[in-house]
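Labels run A, B, C, D, E and F following the written order; every chain starts at residue 1.
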Amino acid sequence: MSARKTALVISAHAADFVWRAGGAIALHAELGYDVTVVCLSFGERGESGKIWKRAGVTLDEVKAERRGEAERAAEALGVHDLVSFDLGDYPLEMDRDAKFRLVDVIRKVQPAWMMSHSMWDPYNTDHMYATKVALETRMIAQAWGHNPGEKVLGAPQLYLFEPHQTEQMGWKPDIFLDITPVWDKKRKAIECMEGQEHLWTYYTNLAQNRANHFKRNSGGQSGGRDSRYAEGFQSVFPRTVDEL
Amino acid sequence: MSARKTALVISAHAADFVWRAGGAIALHAELGYDVTVVCLSFGERGESGKIWKRAGVTLDEVKAERRGEAERAAEALGVHDLVSFDLGDYPLEMDRDAKFRLVDVIRKVQPAWMMSHSMWDPYNTDHMYATKVALETRMIAQAWGHNPGEKVLGAPQLYLFEPHQTEQMGWKPDIFLDITPVWDKKRKAIECMEGQEHLWTYYTNLAQNRANHFKRNSGGQSGGRDSRYAEGFQSVFPRTVDEL
Amino acid sequence: MSARKTALVISAHAADFVWRAGGAIALHAELGYDVTVVCLSFGERGESGKIWKRAGVTLDEVKAERRGEAERAAEALGVHDLVSFDLGDYPLEMDRDAKFRLVDVIRKVQPAWMMSHSMWDPYNTDHMYATKVALETRMIAQAWGHNPGEKVLGAPQLYLFEPHQTEQMGWKPDIFLDITPVWDKKRKAIECMEGQEHLWTYYTNLAQNRANHFKRNSGGQSGGRDSRYAEGFQSVFPRTVDEL
Amino acid sequence: MSARKTALVISAHAADFVWRAGGAIALHAELGYDVTVVCLSFGERGESGKIWKRAGVTLDEVKAERRGEAERAAEALGVHDLVSFDLGDYPLEMDRDAKFRLVDVIRKVQPAWMMSHSMWDPYNTDHMYATKVALETRMIAQAWGHNPGEKVLGAPQLYLFEPHQTEQMGWKPDIFLDITPVWDKKRKAIECMEGQEHLWTYYTNLAQNRANHFKRNSGGQSGGRDSRYAEGFQSVFPRTVDEL
Amino acid sequence: MSARKTALVISAHAADFVWRAGGAIALHAELGYDVTVVCLSFGERGESGKIWKRAGVTLDEVKAERRGEAERAAEALGVHDLVSFDLGDYPLEMDRDAKFRLVDVIRKVQPAWMMSHSMWDPYNTDHMYATKVALETRMIAQAWGHNPGEKVLGAPQLYLFEPHQTEQMGWKPDIFLDITPVWDKKRKAIECMEGQEHLWTYYTNLAQNRANHFKRNSGGQSGGRDSRYAEGFQSVFPRTVDEL
Amino acid sequence: MSARKTALVISAHAADFVWRAGGAIALHAELGYDVTVVCLSFGERGESGKIWKRAGVTLDEVKAERRGEAERAAEALGVHDLVSFDLGDYPLEMDRDAKFRLVDVIRKVQPAWMMSHSMWDPYNTDHMYATKVALETRMIAQAWGHNPGEKVLGAPQLYLFEPHQTEQMGWKPDIFLDITPVWDKKRKAIECMEGQEHLWTYYTNLAQNRANHFKRNSGGQSGGRDSRYAEGFQSVFPRTVDEL
């Protein structure tokens, strides 16, 4: 285990971590965290429409392109370790071995916090499945009887990053993170997603509007701290503090 | 405005702040906060059953006893300012003047955080009414056009302290505060409530069990920080942070 | 206070208690309860459309007709005491005096259980207002300092009877009551509502279908107890028991 | 009553209808609706911070400026009738007379649909109060006994327009409206709000992102209809149809 | 793909589509839709109690009877294609092959809308499992990488038809469909369910009462459109419109 | 089938039934019920941290210790039959055979009521999985076509016993059971859990505080029945009654 602080992002498909958590990743990398990202699949079947429209493309080619995009984005964000599980998508399915492989990563990383998708997503059942498994593997990683002798997991927060169409997903942010200092990195990572140019503006708009929410909740017209770009997250577990 | 940090607790009845937020008050007093407590009523009609069972007691006598208890408890907790609005209870009702009086207190205190009851309480409609007014007066205190020239309020968090029978109230804590260092003060304040001795054990049990939750969420069997007494709170508004 | 068992139904408008709780009233009357019904208004403005379509009718005439219907229905159901508050409707509003008048009834009746409308009703704000006041006055009736010397109220269950369009109201029954033995009385009371003949079939259909739910939950295809007519209710408070 | 189709928007403060429903208003004006907007207040105390920062400004001056902005915005949107109730804000309060005045407007307009704020808003209790009154007055307008002889209201849908920080308000859109054809009008109306220039970009971003949701729900990558600007709304009541 | 409009109903057991969606099916057949119904099982183990009570009956015989009933009901309703997956029930389970088989049907039909069970059903876990799979297979059918070259699915609405005991299932209709013109067909289809004669009245009562809700929401006492039989549905996804 | 009354508790791990339902079990044993407890696993991997900290301990040894504890606790409580499924934990997984084995137990016991975990538990996915299977197997046990000829199950209530951190689990008790007469037995059973001494106080505190809730809901300051120890439960299904 590193003496540095660590964090772990679990992404159902290759690009999810960029749009939804790119700012948090880049910011914590700058803050000295080793941030590990697990991509459970490349999103090769379900989130690569533009590539598939090319004549004669094969599944392996799609996966290779998506992998390349993810790697370039990860580098732009300062990801410490990008782990591709290559489990397939639409649907994403994880058997016991795949779950234990994720437990191995969790235990190796010993994250200060974990991050994954919203609990509910009627548009994309892979997303909510990833979160279900995140909870399950967090629990297994805490078990003294799983691979006895390994360092067991503590009780890291599980943050749920922002889904598309938040209201349909029942996602409610309880924390806004100012990502202004690393916005350029997130934008650069976003631009690695060459097949989805229409989303570049979408997520730039979103980051600006979340900055408005940041300001509103840090004081509003009466001295709220400025922010130009922000991300929102929902916490699953309560916090423990010594001062409110 | 004081240069010290400040906080404001809004209590429907005289004793509520003791049972539900006594630890937070005492802890923040020790941390250097000036904590103001507003008691909207003494709970003289509805929460003084034991006193009323004495023959011939008058409403003024009940109020005087309750006031005395509240003052002694406030002193035990290190409350900076105990403000009694004396609005009557069962039901508690606030007209525009009473609301503006509360706005005056909020603006004078300029709290870093506010605290009140749960949003829902079918057993005690005074409680949820107090929270409704807390939200309304927080909004008015933010209005530049209310008493122009006064310093307007920023965007302090509103914490909801723990109600009786949490599950019936739909109250869900998202933060546990370790109050071990000030437990003796809270217990002393509790013991000022002479008419409700059966609740002394109840709230001691509760503080111990909330400490168990504190530990569980700070690491569990794998290094969770110890705590012997804790309190839980629910946040109404999202937080704004620079690090998760 | 009577040595007989007692119950109290709080109805926003004159006819509500018939459609929604007529079976429970008649059944408990047969079981030896003195059932008191409070009609906060006659529903004269908002629920008397058919009468208003008659040329030249006055408000007093509408109220008199509605009162007559309610009295005949109450007699058919075996209501012990029908109390008309005549507070007006659309909107129903209750000041402190009106609330204390309701507290007086509650204390006089000392009901084993209370009953009122659903918590939410976007079609009819009078309905949810009545329930809000039912909770508030239940609380006041429990206060030792309200009219000291009177017998204070215990902790009767508050049942919410079935609203129109249950799903829109967020109403969920947790108890089904077999009203087969008193169906004829409920039907007779329903037929007292001469202006609303189209609803006679509606509520007969409903009672039959609720009997299906009764059977389904009492054993289904494997020995469920038969029922031909039933009513459903939602409980606000938890029960206390010595056997599950 | 006009033979043209009609709609009614109820806005707590003068600017709300612009940010939140400007597109729907302008679009329906173009579709031949007479759209009436009721501003219950000018937002003079609570939503005019920038004006109040000017030395020596009076309440009447603030109201006059806000009124002017609202009138210019209404003209840009093609509002048929802008009705200012001037009831005051922070807090907004409506007595029986004010409610009946709103009932008069509802009955006069006989709207095909109504529109107001979200049901919940812990930041701004005026907003949820306006919606509460919208439901109450819709009910009164349906009462045959209210001003007998007037044409009573049918059952128009009540749409809830988009609040700030949707997730905190528990607001969930079930309908997206393409406002691309009238975007220029909405933008022009937005620019009438001279004191809130920082929100111009916010609501432009939002309209673009809602257009993304429009496309996603009308076919996505497989032929979704294009839209560049959209607004979302939540329906309170069920629809009645002859074809799904 | 047909040039005609199409729709797809996914039914966990053979009879579900009759009770819950028979009106919608028959109406849309008359409107020119090709309506496909997929029965994932015959309900042979769990919903054929009456048949099993006959001495010596075998599983194959039960399935044959249920299949016959479903076919006769489908014919009465004008179903275009009745597809029996014969996957078994109590519990219904679908492996990847079964899911892909359903994806094949979805893609072949290219439905304008889909329909299945409520999201939650503690009485019958097969029901909610069918809806879970409906969402999952809808997603897969939208994936460009699933059987590349096939026409991918757009974004059809998923309607949830009415479960038994709606309130226990958390089902809330947001749309009522007038099925008066096809009631005779639905009743005829219902009567094909010979083993469940006690439910004939139940669903006739229900259709009549839903017609009352149809009327209430289309104008009430002030000109609501008449309807004698109706069905209710809950929408999962938001709609996209050009006029409210 | 016994002529005695019966009940069935389904526990994900060996100790769960002790902490959460020990009072209900002991009380009903005294009331003449044969109470069967199914432990789906021993909690050997995930809930035996203290044992695993001993050097060189093996999985079989952990299981044997946990089995011994569960047996001694069951004896203290008067459990009629303790059935250990030994399916493994963290994660608990049940294939079709395991489910049918549980159906066999349910049918053999023919319980008047069943009991299991809360519906939601983000800390411990085994818990909510057990409840999911409890609902599924209850359904299968009701199917006439499952092992035709066996006595099918009626419609027993499913109670959800109290989870750790109730508010995080969304668990809401609707029934409080007085366990004062059997508290000594529950405490003795608790003390069989030698590895978890820190929880002895926790669950004693909890039982005392639930007794406070029992009293509050049975009359409060106005004659509530006394109780010194209680347990709370949430009901899944509605009740059917002949008197409220």
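We adopt the following convention: a residue touches a chain if its C-beta (ideal position, glycine included) is under 8 Å from a C-beta of that chain, and two chains touch if they have at least 3 such contacts.
On a predicted model such as this, the values are computed, not experimentally measured, just so you know.
**Student:** For subunit B and subunit E, which third chains touch each of them?
**Tutor:** Touches both subunit B and subunit E: A, C, D, F.
**Student:** Treat touching chains as neighbours and tell me the shortest step distance from subunit C to subunit E.
**Tutor:** Step count on the best path from subunit C to subunit E: 1.
**Student:** Could you tell me which chain lies farthest from subunit F when each chain's centre is the average position of its Cα atoms?
**Tutor:** D
**Student:** Quick one: how far do you have to rotate subunit E to sit on subunit F, C-alpha fit, nearest 5 degrees?
**Tutor:** Between subunit E and subunit F the superposing rotation measures out at 120 degrees.
**Student:** Any idea if subunit B and subunit F meet via the same residues, over half in common, or different ones?
**Tutor:** Same, since most residue numbers here occur in both copies.
**Student:** Decide which interface, A-B or C-D, involves more C-beta pairs in contact, and give its chain pair.
**Tutor:** The comparison resolves to A-B.
**Student:** If you average the CA atoms of subunit A and of subunit F, how far apart do the two points sit, in angstrom?
**Tutor:** That pair's centroid distance is 37 Å.
**Student:** Which positions in subunit B are in touch with at least two other chains?
**Tutor:** Within subunit B, residues 49, 123, 142, 144, 152, 168, 173, 213, 216, 221, 232, 237-238 contact more than one other chain.
**Student:** What are all the touching pairs of chains?
**Tutor:** A-B, A-D, A-E, A-F, B-C, B-D, B-F, C-D, C-E, C-F, D-E, E-F
**Student:** Considering only the defined contacts, which subunit E positions touch subunit C in the complex?
**Tutor:** Its residues touching subunit C are 49, 123, 164-168, 171-173, 198, 201-202, 205-206, 208-209, 212-213, 216, 221, 232.
**Student:** Which positions of subunit E touch subunit F when the two form their complex?
**Tutor:** 44-46, 48-49, 52-53, 57, 59, 62, 89-91, 93, 122-126, 168
**Student:** What residues on subunit B touch subunit A, complex-wise?
**Tutor:** Residues of subunit B touching subunit A: 7, 24, 27-28, 31, 113, 142, 144, 151-155, 157, 159, 173-178, 213-214, 216-225, 227, 232-233, 235, 237-244.
**Student:** Which residues of subunit B touch subunit D once you look at their complex with the stated criterion?
**Tutor:** 96, 99, 132, 135-136, 139-140, 142-146, 148, 152, 158, 236-238
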